[in-house]
Amino acid sequence: MDLIEGNQIETEGDGHTGGFAVHLENFEGPFDLLLQLISKHKLEVTEVALSAVTDEFIAYIRQLEQSGEGWRLDQATEFLVVAATLLDLKAAKLLPSGEVEDEADLALLEARDLLFARLLQYRAFKEIAATFSERIAATEKSFPRVVALDPALAALLPEVLIGVGPERFAAIADRVMAPKTPPVVPVEHIHRPLINVADESRKVIEFLRSHKSMSFRALCADADEPMVVIARFLALLDLYRTGSLRFEQVIALGELQISWIGTESGEVAVSDEFDIAIAPLEDSDELNNEDPND
Amino acid sequence: MTNSEIHRSIEAILMIVDEPVTETVLATILERPIEEVQAALSDLVSQYEDRGFQLRAINGGWRFYSHPDESAVVEKFVLDGQQARLTQAALETLAVIAYRQPVSRARVSAIRGVNVEAVMKTLINRGLIEEAGIEGESGATLYKTTSYFLERLGLNSLDDLPALAPYLPDLAALDEVLDSLTD
Amino acid sequence: MTNSEIHRSIEAILMIVDEPVTETVLATILERPIEEVQAALSDLVSQYEDRGFQLRAINGGWRFYSHPDESAVVEKFVLDGQQARLTQAALETLAVIAYRQPVSRARVSAIRGVNVEAVMKTLINRGLIEEAGIEGESGATLYKTTSYFLERLGLNSLDDLPALAPYLPDLAALDEVLDSLTD
């Protein structure tokens, strides 16, 4: 714990994340500080319980939600990136070194150090991005002198050289006149209508009973949006668990074939564990939080 | 050299304009009495005595010009350099006018996302575009390409301009949604 | 103030241009060694320190700009459309590409830790990055920053990007090994 106090001031100086703090057996303090300690080799990443950190983060986000502050998208995004990096870091630390082909590379640098570097790399680009933003703002304060060619001087000039042929000229027109799409965060998924896994389960059962065996592709042929595909996949996992079907996949990433081995008729228990009581928003977020492998 | 705030502001404005600016406009923008603006302008004129550029009042407006003493070198630059070739900015502006004619300067500006005043004047001075009447509602001057433009591009008529790819407005948006799903 | 002939000639030429002029072009027109031109340009830059305008080298060429301090007054004249701000994600992606170019999308994604497809499309759309050939082994498209990127950041060349080194010692070597881990 003395380590943490030693770094406290630095973190406060940073003062940008602030909000989310973690409470672990061997560490207690702001998330940002946890990163600093790991990147400075003052805390061993394998000793950090990532699942605990994640649980805490989800609790933190929920708490924000309930307090009426709503989602802090910036914090959530940053957390995900950093958590993914930590996970990578930890995985590389725990996995046998056979994962890396070149032994010389490993001798050169420990996997742990590499991934520290990756973490640092991410942070470095983040900081540099801030300087980009400052530079752009500074540049926008100056305006270039752009003046027309004086008619007297233009008269001296030989024939104009357009410099491109008609096709290239058309391509330039095409490019210049294409509407400039402003950068936006797509929000369509937030307002997606509720897809019900239980309902999709019933459709899947009906399909499989009539066809006996079909590919996942065929099973989802009528799906008009990705969430339906996801719901049907979850339904399949659930039905597999109850022993109603069999999966076959000859090669990795190849066609997934599903055969029905359950009852020919009658009610099949359909799980509703993926579905939530109808809530106005965040349905897809809830769904994503569920772990289908449980 | 006493270069006070009003001097600097006048220099900044006049450095980026193509059309001469009157003392009245300067006084309005700077929120200073016109006498002060006039005094500053006359200070600047004498400060530039030794320079390669001048501040001159023409038709009641002020603008920076190259010094007449340097006309030989300026002409050499225009003739010698890359000036026969159109700049990228000129080419892009010309492309918009060719495919949207007759079109107002404001419209071209909106499409290009930058001020096109100077570039369009250059295109006029080079004989590639010309005025084509007045837009009904706005009263804005419209522009079109000239027959010299067709000649230089090696075309017989505007009908020979290659057709633009039909633009599918929803495609980009659709792509982004798809991308967000594969995250 | 020592304003010799070469200084005056440079001032006169730069006063009439609509795009930046390189030192090489100036040296050719003026028939002077490039070192002399460079020295004169740097003299002029310091002579203008107190003025409302500046001489700046951006993207390899020189031209006059209004002084940033005068932006408020100049903006009253410039009616360009507001340039849309880049998002944090776009800035970070741009930073990775700027320092790793030419670079594939997969590589940028690996460094950023998220899918960057939509963001990169936006950057292409805004003219800040462009394709730069194909990577030998993987066949992946490579990307680099454009000259417009340099203009927006007010940089003369990519060498003027702030050094990443203080943050990342020995990065090039690390990158390769990192790639082998993330494959």
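Read from first to last, the chains carry the letters A, B and C; within each, the first residue is number 1.
By our rule, a residue touches a chain if its C-beta (ideal position, glycine included) is under 8 Å from a C-beta of that chain, and two chains touch if they have at least 3 such contacts.
What you are looking at is a predicted structure, and each value in this text was computed from that prediction instead of being measured.
When chain centres are taken as C-alpha averages, the shortest distance to the whole-protein C-alpha average belongs to C.
Among the remaining chains, the Cα-based centre furthest from that of subunit C is the centre of A. Look at where the CA atoms of subunit B average out and do the same for subunit C: the two points lie 22 Å apart. Look at where the CA atoms of subunit A average out and do the same for subunit B: the two points lie 44 Å apart.
Centre-to-centre spacing of subunit A and subunit C amounts to 30 Å, using the average Cα coordinate of each chain. Counting only residues that touch two or more partner chains, subunit B has 15-16, 64, 74, 78, 89, 113, 115, 118-119, 122, 172, 176, 179-180. For subunit A, residues touching at least two other chains, in rising order: 143-150, 153, 178, 180-181, 186.
Interface residues of subunit B, counted against subunit C in their complex, comprise 1, 3, 7-13, 15-17, 29-30, 50-53, 64-67, 69-70, 73-74, 76-78, 80-82, 87-90, 109-110, 113-115, 118-119, 122, 172, 175-176, 179-180, 182-183. Across the interface of their complex, subunit A is touched by residues 15-16, 18, 64, 74-75, 78-79, 83-86, 89, 91-92, 94-96, 98-100, 111-113, 115, 117-122, 124-128, 148, 152-155, 160-165, 167, 169, 172-173, 176-177, 179-181 of subunit B. If you check the complex, the residues on subunit A that touch subunit B are 143-151, 153-154, 156-167, 169-170, 172-174, 176-181, 184, 186, 188-189, 226. Touching subunit C in their complex are the following residues of subunit A: 74, 77, 80-81, 84-85, 88, 92, 99-102, 105, 108-109, 111, 114-115, 117-118, 120-133, 135-136, 138-150, 153, 178, 180-183, 185-186.
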